[in-house]
Amino acid sequence: MSTERPFGKYGGQYVPEALMPALEELNEAYERYVLNNEDGFVDEFRERLRDFGGRPTPLQYAEQLSARYDRDIYLKREDLLHGGAHKLNNALGQVLLAKYMGKERIIAETGAGQHGTATAMAAAHLDMPCEIYMGETDISRQRPNVFRMRLNGAEVNPVTTGRGTLKEAISETMRDWAATVERTHYVIGSIVGPAPFPSMVRDFQAVISEEAREQLRDQTGSLPDSVVACAGGGSNTMGTFHHFVKDDDVGLYAVEAGGDSLSVDEEAGVAPNSASLSTGEEGVLHGARTRLLQDSDGQILESHSVSAGLDYAGVGPELAHLVDTNRVSPVNVDDELALNAFHRLSQTEGIIPALETAHAFGFLEAVEAGKRDAALGETVVVNVSGRGDKDLETVVEETTARDIDAGPDMDLFRQVGRSAGDGK
Amino acid sequence: MSLEAVFSEESAFIPYLVAGDPTYEESMEYVEALARGGADIIELGLPFSEPIAEGPTIQQAIVRALDGGMTPDRYFEFVEELAVDPTLVCMTYYNLVYQYGESDGPESFVERAATVGIEGLVIPDLPAEEADQLRAACDEHGLDLVFIVAPTTTQERLERIREQVSGYIYVQARLGTTGARADLSDRTAETLARIEDWQVPKAVGFGIATGDHAQAVITAGADGIIVGSALVDIVADGDNKGINTTETASRIENKAQELKDGALAGTSQQPAPEKQ
Amino acid sequence: MSTERPFGKYGGQYVPEALMPALEELNEAYERYVLNNEDGFVDEFRERLRDFGGRPTPLQYAEQLSARYDRDIYLKREDLLHGGAHKLNNALGQVLLAKYMGKERIIAETGAGQHGTATAMAAAHLDMPCEIYMGETDISRQRPNVFRMRLNGAEVNPVTTGRGTLKEAISETMRDWAATVERTHYVIGSIVGPAPFPSMVRDFQAVISEEAREQLRDQTGSLPDSVVACAGGGSNTMGTFHHFVKDDDVGLYAVEAGGDSLSVDEEAGVAPNSASLSTGEEGVLHGARTRLLQDSDGQILESHSVSAGLDYAGVGPELAHLVDTNRVSPVNVDDELALNAFHRLSQTEGIIPALETAHAFGFLEAVEAGKRDAALGETVVVNVSGRGDKDLETVVEETTARDIDAGPDMDLFRQVGRSAGDGK
Amino acid sequence: MSLEAVFSEESAFIPYLVAGDPTYEESMEYVEALARGGADIIELGLPFSEPIAEGPTIQQAIVRALDGGMTPDRYFEFVEELAVDPTLVCMTYYNLVYQYGESDGPESFVERAATVGIEGLVIPDLPAEEADQLRAACDEHGLDLVFIVAPTTTQERLERIREQVSGYIYVQARLGTTGARADLSDRTAETLARIEDWQVPKAVGFGIATGDHAQAVITAGADGIIVGSALVDIVADGDNKGINTTETASRIENKAQELKDGALAGTSQQPAPEKQ
């Protein structure tokens, strides 16, 4: 299978031998159930996505943003999916597949906690025991999501190695998998990792573009001029792009986290951004050859973004390939643009986006302000990959700490912070 | 000595340490202690920031070595400076191999490794399927490429690995990551049985911590034992407790001796080896 | 209009004279736009509910609950509506109506913050300035919702009178309205208040039962045997019941908050529950004659429930009427049953419900355990009125403080609490 | 004296206080001070827990009175005990009226009010549409039922109110809730003009705080002024600052006098009243 290399030079299976048989088993299951709908897997998956997940999600015309940018802006509302982000499409697909494969236990990594909560929800729904690995740092900055996973009955295993964030959590989950592979399925949270994960996760997420393409044609009779999505690992991105890839005239923009800055501090081993498509280089991480943030030796850099879900040094191999072949344009938006976009969308459209998602909207504004050059055209579809409830504390902190033009007056937040604190 | 040649003499003891753990100089002494303790081959780890196959003990060693400034170039200097008898194998992850040198690809790394006297490579995140390029480079520069077989490895995959492997085959004693354990797995014997007819020497690793383990593994039919975490634990203990380097080195030497002795004791109980 | 008395002796318009003209104006607008779809109001409302709100919401067969209770349990998933609760159906309807009426400003009260956030979202979406009145106590116990309202651009006005909860917030919003009635619309958050609010809010919420009835017939070919919904003011309740009221064979169960106990402490002026249908008496509150928690003099009692959204001394007049006429069965579930149900649904179905919603599920369990007597029948529809993200802190606190059988081991929660605290 | 009769003499000064604010005894003295200060009618508030028509000043007075133990029964005792000249009107919310006594409905309340000497009721949350039952009870027991007209009241509603009202009509000077203000609203004159031909006396309230206000309102054509918050402010101030009751009572008396004088000064500037 790895010989197929659907993503050019990217992809592959760079994992310990102990996991290879599991990948072969998974690949076979992927082909049988997902690609060939054996035993009605795909039908059951779609039915559960509809009844449990709430699909289809709407494609909404955004009145205020369309006026502001003088283009027709359509929002694909993945924030309305159960759990609050696109993540459930994949988590539900994989947990269901694990069930078809006869696995008895689910493990997953999580950074922001969105994939972890989606997996915990799917596992509860399908009655599978579930353990989530999460870095200690992320555990303390994403408290509500830790609660949600625990409430759904999942164990949350704190990862104390390294900086205690997503990268370490993935490594740790792979280690668990290597020890328990026979009865355990590892639900990877994005289009990363060894084959067949990148293709499989994309297929589960592709429902986003399948619906959006159809919905836009129903609403306008035509295809969009461009499609915009944020990119961390890239699962919402490829999900939103997939069915448009063949439509050559549709521009595809993958918006990465520019973080504080695009430059790298080799000494400290830190890239103050997560822009692996824009600034990274080919390498091998977490089972796949892809574009990475790494130093000149090949050591992986610590990434940074105000949004925990984009804070990752790698990216899906398929996106790397589509960027190399000029089908997808990699762009990036820094923390400040993203925060401004967060507030703008909240205030003008009544949709509080995830900070990850806010990056996609930051790109629209950057183009409008002439800070980025892109021919977005008349009609733009933007994926609202998730809602921002999980980010409230971060946004309040970061907005108070910086000078965010579009932010509201922060006084009441401080006041509430105090009285809530006092009340305990 | 070439890797296969090592095994032709007696059961091989193959210790593992992370180069530069906790510092360049200390690490140098510890590797020398391994040699004194009877190491036949030394797997010398080049630390990578995302060691997905390692358990907690070796993860921490890697963090110490990286914090101590270990890089691929320093690693090669380290190996050059090292004056020991045992044959040296470099254990690291593929991204470091791939990125080394001016142009992408494994060639520069292998060339440099050969120059400094490394005889073989173990790359735990590089299965046989992804190894063609590295295999070619190793062939060109006369290095062996060691592969791992796991308890889960299927028959089909065994064939694929058999085609690629050279030097020795690393038999993973159990599922999971590296780390010293109190018991040995039945699955070791099972795996050894499955590859009984392979021409390449069989070294067993993952969890071997004592002379008794070593003996049992060799008795079960292995040609060598690979021991990492049990040794790294001593380095860690020395570092944590501020024990002086000489003392730690001598503890390492003793442990090495215990393991080597165990392996030799195992040999005498083995059915007469058919020498190849 | 008040002479029509659609709810028997309940309802009416007990408000200051200054507001009466506004009610007349509203009633006229209600009749024109809502009842007669003038200017295509209803079409626009439904379109926005679909594209912005995410309707229809699914009717999901709940596998684990159905097995547990040996009945077919169907979940109406209002938790998937934008904002996370049924509240948007009403808020969007009223803000849109205000726009049709030429009003320039929106005000609303909120208790738990769910109606406030829904109104703030709807107002942002429709580009209307918005102010929300919220009791100080609620402000400090519902922090995330305060943030969300502010982020959506709404002003949040703290109400310091009384105990600083919903009752006071309603009174205060009425006062604002009395001062600004000419250009302001007051978006009441439940089927309470003076006519035409109870009918109008019900009509906006009736989409729940319209869909559920149709969906169940699609899925099973028949009607349910019973329909269960929690009842605070009763808007999700009547929304879920409305289209089944005429189906005489369908049992309708309104589940109130039993709080700590059903008995009243007249001395302290406190009813440690919010069960106005089960234990209250006829009276006049906030503009309507209905059933109330009051002392023998007619002073309104402080209510109590672990769920802020049910914590109200009154109830919609329509529900009071349907209870009097034996069409709706009023039942109640105490804090502990509700907390257990919260955990059970989270763990077995992968749906973290609002604490309000948890009461509806607590009723199923109480029937199963023989603690309540009700002929629920084979097929039961339960309204999942909202999601529990807003309640995480409360649940963790209350579960830790009590002995909740169905709760998970609370250790990690405490640990996270600590490290999050330390991290700041 | 009957309510309408009061107005036949001179411009009426109608102060409002909450019965039992801050305690039964103090409140008794304050009401007596109003009488001494020239009150013609006293609107005596019976505190209700949800006073939706009141601004902050009166809300707080209500909280004080409720905390002080005021109930409908105590209220009636209070009125019985009170020995003052001015005609008494009870101002409260409908739920208290409705709940009073054994059986539901307003009858018991009205009967008891009549017994203790109350001449009229003002129920701010009871519009004309909902008042039939109470109107009937008042008629039976000889009480007047005062209604409010607001700046927003439509012509159609004016007709409805006109049919129901007796005693006096309470002209709400501005939109909003009760509370003392620095200025007067133009809307007062407008509203007065709209009901110019009504037979019933017109008393203006909401926001009147000084003798000058009083004068202006009477000059604009009102037959009386209703003053609440400006007086309640004095009670609150006395309570907050711990001023003794006699002192507070005398401040209330003085304020009452100022307001009564203002009203009288206004009368002299009015076009000759057509006495009814």
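A, B, C and D label the chains in the order they appear, each numbered from 1.
Keep in mind that, in the parts below, a contact is a pair of C-beta atoms (placed from the backbone, for glycine too) under 8 Å apart; a residue touches a chain by one contact, two chains touch by 3 or more.
All of these numbers come straight from a predicted model, not from anything done at the bench.
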| item | value |
| --- | --- |
| Centroid comparison with chain D (C-alpha atoms), farthest chain | B |
| Rounded Å distance, chain A centre to chain D centre (Cα mean) | 65 |
| Centroid distance [mean C-alpha coordinates] between chain C and chain A, Å | 33 |
| Length of the line joining the C-alpha centres of chain C and chain D, rounded to whole Å | 37 |
| Where chain D touches two or more other chains, by residue | none |
| Residues within chain A bordering two or more other chains | none |
| Chain contact graph, described as a line, ring, star, complete graph or other shape | line |
| Pairwise chain contacts under the document criterion | A-B, A-C, C-D |
| Chain A to chain B touching residues, read off their complex | 2-3, 12-22, 24, 161-162, 167, 171, 174-175, 178-182, 269, 282-287, 292, 294, 296-300 |
| Chain A contact footprint on chain C (complex, rising order) | 50-52, 54, 57-61, 63-64, 77, 79-82, 84, 120-127, 136, 139-141, 143-144, 146-148, 150-153, 156, 343, 346-352, 388-389, 392, 395-396, 408, 412-413, 416-417, 419-420, 422-423 |
| Partner chain A, residues of chain B touching it in the complex | 48-56, 59, 63, 66, 71-73, 93-96, 98-100, 104, 124-127, 129-130, 147-154, 157, 161, 172, 175-177 |
